[in-house]
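What follows is a set of structures for review.
Each of the two complexes below includes chain A, the first together with chain B, the second together with chain C.
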Partner chain A sequence: MAERTTVLRIKRQENPRSATYWEEFEIPYKANHNIISMLMEIRRNPVTREGKRTTAVVFDANCLEEVCGSCTMVINGRVRQACSQLAEGLNGTVTVEPMSKFPVVRDLWVDRSKMFDYLKKAHSWIPIDGTYDLGPGPRVNPQEQQFAYLFSRCMTCGCCLEACPQVNDHSKFMGPAIIGQVYLMGQHPTGAMHQDERLQALMGEGGIADCGNAQNCVEVCPKSIPLTTAIGDVGGQVSRKWLRDLFAK
Partner chain B sequence: MAEDAALATPAVSSGMTADERHWLLRRLHSLSGIVPIGGFLFFHLFENAYVLHGGGAWWKETEFTRTLPFQVAIEALVLWIPILFHAIYGLVITATSSPNVGAYTYSRNTGYTLQRITGILAFLFIGFHFFSTRGWYYATGVESTYARMHSWMIDPVYLSIYLIGTLACVYHLTNGIFTFTITWGLAVGPSAQRLVNRACVALFVVLAVVSVAILVAFRAPA
Partner chain C sequence: MPGHHIIIGGGLAGLTTAMKLAEEGEHVDLFSIVPVKRSHSVCAQGGINGAVNTKGEGDSPMIHFDDSIYGGDFLAHQPPVLGMCEAAPSIIYLFDRMGVMFNRTPEGLLDFRRFGGTKHHRTAFAGATTGQQLLYALDEQVRRYEAAGLVRKFEGWEMLGVVPDEAGDCRGVVAIDTRSLELRAFPGDTVMIATGGPGLIFGRSTQSLVNTGSAASACYQQGATYANGEFIQVHPTAVPGEDKNRLISESIRGEGGRVWTYKEGKPWYFLEEMYPAYGNLVPRDIATRAIHKVVFEMKLGVDGQPLVFLDVSHLDPVLLRQRVEGVLEIYEKFVGQDPTKVPMKIFPAMHYSMGGLWVDYSQQTNIPGLFAAGECEFQYHGANRLGANSLLSCVYGGDVGAKAMTAFAKSHKSDGSTRAHDLEVTRHREDFDRIFKMDGKENAFAIWRELGELMTENVTVVRYNDKLKATDAKLLELKDRWGKIGLNDKGKWANQEALFVRHLWNMLELARPITLGALNRNESRGAHYKPEFPERDDENFMKTTLATWSSDGPRFGWEPVDVSLIKPRARRYDVDKSATAAKPAEKAA
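For the complex of A and B:
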């Protein structure tokens, strides 16, 4: 009986400016193999299916348990974490590509730093440092805490940006993740005190008005974050702030 | 010193920032789709539905839309300017999209793509429809009588153009009502959005049936 194998067809790129090319690798099946462990096999022995010696495929990964978000790739045309994609359940040739909405550093490794810039731009934190002890914050009821917890699981992986038809190189849209985080910061009574600054940051070009309600984001988010609920709610918040400013200033 | 700063009247910035302009344009685009354009589409289907009572009734009941005081000013303010704005800015928005229904085959993603396709179809159809009816009247004085409309609707080519054009407009409006409720934060959670979506699909079916019935009714000889 022929040995069971998995064929990975990988989209490669030497550096951010060079052309892309494809290479295929055949990896013997092992129980519990996932895309990252298979990429590690390739790193150990970078020989293509045709027997040609090549460079090791570069990729990003850290936690190996779908909580850090760094190994996000497009596998068989759909974005997801590579570390949680088991070889089990994959048939035929598996295509592995870097995300298309982020600059490629090399091979499957992309630079997601724009998502972190958006967090800074939209003040996605709660300022509590001061010259004196501010004391305990207001109490939040457990239901609200639980709903907020869903949003706090965002790992800035970029799946939602990759799947969003409004995020691309000819639009400035920052994507849904930041809208989820602005929702999270604003639902907390202490965070709410600075919510206007965050809403202001989401008003401009690239902000929430550029969402086209395709709702792919909520479908692909590996943490099942209710992004479309945040989009609806924050859309209302920005609208109300705008109307308030329009008539009260 | 700090106190002075606190007591000083806040600087009132004059003029709009680029961000505020962007927001305003997006909100006006969203709003104009409902009022006046969406509102007019409802009214337009309603007035033309009189053709179901015969060509005579239709011509009589639509009389007042041809004899408004300040006719041109009203048409420009309520129709031409809003539609031109919504259409042109809609094309600008469409140009920033990168549809991916092939890879992500969710029903909402299909709706997103159809919203853009029907927008382009509506743009072409409304242009054609306006210039061949009202525009033609302003240019040549030829009125869009029952006989004229009838002669078009019995022509399979015209009928097909009208079927595709009106159904595209009706889809675009009903799907747009759904996204409008999200845009303005009226339907927030998934079950509220599911409910509104179902209502909009039902509305699409009703308006589609009414539109087809109107077009077909024009095929009856005068």
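For the complex of A and C:
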């Protein structure tokens, strides 16, 4: 019997402006292989299935335990982290592509800096008075902490943007992740004091009004962050602010 | 005029430094290979230590200090460790104020868990992703200063080396854009290295892929002293993998997890039997050696494999999910079994480097103007680090460093000359030109794998002098083979292979002080264990190893340890600490 293997069909691209092409690699099966460890096998011996010498596939990865968000790719049509996609459970040829909602740097590496820009735009931080010793922070209800904690695990991976139909070339929609973060900041007693600034950022172009409620985002979030709950809640906060602003005029 | 500072690395140490400098109105250029939010610090699961004493246990910074010095087997200089332990409660409060969702008690106060090497609940935690939460809080504060124009970020840029001027002071760095491969000098009044640990020298470790130790190695090759390199912490509980060994945090044992294997057909809880006073919560070096003994000497590994059980299946699954969900998830995702039902199978893995760039009490290296903080420096953990003390030392070191950097910039204004910078840029450009011409038969990634296997086998848990000598000889051979690498990828855009070839050279250089440091130290202390010299030898070896680079190998010197605050005593975990201490109460009476 032939040795079991995994075939990776990888979409490649030399640089942001060049054309894409596909290459296939065949890797001996190991139960604890994952997509990244298979890409590492390719680096050690960059030869395609047809026996052609090629360059190592370029990819983005760091933690290898699904906590840094780096290695997000589209695997068999589904966006997810490559490091936690085990070879076990994959059959036949596996297609691996870079995410489509972000510019490709090279091969599987994409540029997600726009997500960091959104965090800046939405003032996603707690404006403390200073880092000097001011004693303990505010008390927090343990139940509320448990719920807020869910949102604090967002690793800016971009899965939810990739899956959201409203994030596309024709729209400026910032996507669901930033809404989750604005929700989180508003849950903290100090953060809540400054929530208006953040809501303001979500009221303009590319803000929360662009969400079409397709709910794809919650389904793909690897950290199971209740994004639609945040979208609903922050949507309410935005409406209330809008009314308040109206009457304040 | 505000100073202009360069920080290399955006983990906990680098971001703390950036935040503290910006708060003083100083200007910062922050460099990181990966976007700072994806730095290795996100991996820390268990928590951060601080003697806040909310559990009525009578904990105090002094007890934390004693636990840390004792846990580090009396190799750490004591004054900075005391400073760190005293600052710890306020550091935890600061993170709480910055919005970290720490777990809470029913009263809404910070909750604390137990970690190894202590009897107190001293570890604050946010689920099992504490490092991630702390890093994000700092990332947010630094982004605030970025928006205010005080911090400029260079993400995707890699530092290649520092720029010393004629007087030998550090005047900036040379860095390369990992996308365009543009190579540039960046002048600065001071430079902070906060580039994390060197895990990749051991191939598969619990660390992240950027943790090659390359930046620290570059500084070492430019004259910075590397201290205590031989002290490498091997974590007792990790899941062996193809690409990395995934840590199963000590917090699992803190929550009541038990380590066992079968002996004569029955479960044997060997840590509890060997170390009744601390049981499963002995420090890491002790637990690691016990597992090694059970597996290799007694041949009692699970199914004859190098594995033992780490078991939480007797604990309440709901509570476990609340407190260590992130850890359980890692096991589930990467092994495919539910640890609340089936005991986990684990084995020790390289985890942390206690050694690193030598720094003084203000975090300055021996090169004026060059500072270091975080895992890449040597200062806080002696011969063995206690769990949850690293995040603390990163933040504390960053804070101390920032103060010293501000002061240094005031007194050492640069004259604006760029001669030294141009020279360094040329040197690095020539290096890359050579790399792009490499057309031998060797593959850089394959050599790296061999390096990792070599180091893991010979320079981790158990060390023998003959094997250490052979390892160093093999390292020279690998350096030779490095010259015979053939570069597959000659592209001038986002060429990860060419960049890795440089990392590999730096790893090979740094592997030598680690290996030879171990060879020189003929005693056993903390994580460093030699069966031929099983005892700690204070008379000859209570001193810091100092390695200096030279073209024919590392040169070694030593520095005495400052033990002015706690008198060294034997380190034992089979009995309570009180049994090992001189009894001050009796003496006073």
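In this text, the second predicted complex is superposed on the first by the 240 of 249 C-alpha atoms of A that agree within 3 Å, B and C clash if a C-alpha of one lies under 4 Å from a C-alpha of the other, contacts with A are read in each partner's own complex, and residues count from 1 in each chain.
The rule we apply is simple: a residue touches a chain if its C-beta (ideal position, glycine included) is under 8 Å from a C-beta of that chain, and two chains touch if they have at least 3 such contacts.
All of these numbers come straight from a predicted model, not from anything done at the bench.
Student: On chain A, do chain B and chain C fit together or clash when superposed?
Tutor: fit
Student: Taking the C-alpha centre of chain A as the vertex, compute the angle to the C-alpha centres of chain B and chain C, in steps of 10 degrees.
Tutor: 160
Student: One more residue to check, A:Trp22. First (chain B), second (chain C), both or neither?
Tutor: In the superposition, A:Trp22 touches no partner, neither chain B nor chain C.
Student: Is A:Arg106 touching anything from chain B or chain C once the two structures are fitted on A? First, second, both or neither.
Tutor: It touches chain C, and chain B stays clear.
Student: Touching A:Glu219 in the superposition: chain B (first), chain C (second), both, neither?
Tutor: first
Student: Could you say whether A:Ala163 touches chain B, chain C, both of them, or neither, answering first, second, both or neither?
Tutor: The first partner, chain B, only.
Student: For the overlaid complexes, name the partner, chain B or chain C, with more touching residues on chain A.
Tutor: Per-residue touch count on chain A favours C.
Student: Contacts for A:Glu14 in the overlay, against chain B (first) and chain C (second): which applies, first, second, both or neither?
Tutor: So A:Glu14 only meets chain C here.
Student: Quick check for you: in the superposed arrangement, does A:Glu205 touch first (chain B), second (chain C), both or neither?
Tutor: first
Student: Nearest approach of chain B to chain C by C-alpha atoms in the superposition, in Å, rounded to an integer.
Tutor: Between chain B and chain C, the shortest C-alpha distance works out to 20 Å.
Student: Mind pulling up the chain A residues that touch chain C in the complex?
Tutor: Per the stated touch rule, the residues are 14-15, 30, 32-34, 36-37, 40, 43-46, 53-56, 58, 61-70, 83-84, 86, 88, 105-106, 109, 112-113, 116, 119-120, 123-128, 130-131, 133-142, 145-146, 148-149, 152-153, 155-156, 184-185, 188, 190-191.
Student: Which part of chain B faces chain A closely enough to touch in the complex?
Tutor: By the definition above, chain B touches chain A via 12, 17-20, 22-23, 26-27, 93, 95-100, 103-104, 106, 108-109, 111-113, 115, 179, 182-190, 193.
Student: If you look only at chain C, which of its residues touch chain A in the complex?
Tutor: Interface residues on the chain C side: 19-20, 23, 34-35, 37-40, 42-43, 90, 93-94, 96-110, 126-127, 129, 132-133, 136-137, 140-141, 143-144, 146-147, 155, 179, 208-210, 241-244, 246-247, 322, 326, 330, 333-334, 336, 443, 445-446, 449, 488-489, 491, 493-494, 496-497.
Student: Show which residues of chain A lie in contact with chain B when the two form their complex.
Tutor: 77-78, 163, 165-168, 170-171, 173, 200, 203-205, 207, 209-210, 212-216, 219-220, 226, 228-229, 231-240, 242, 249
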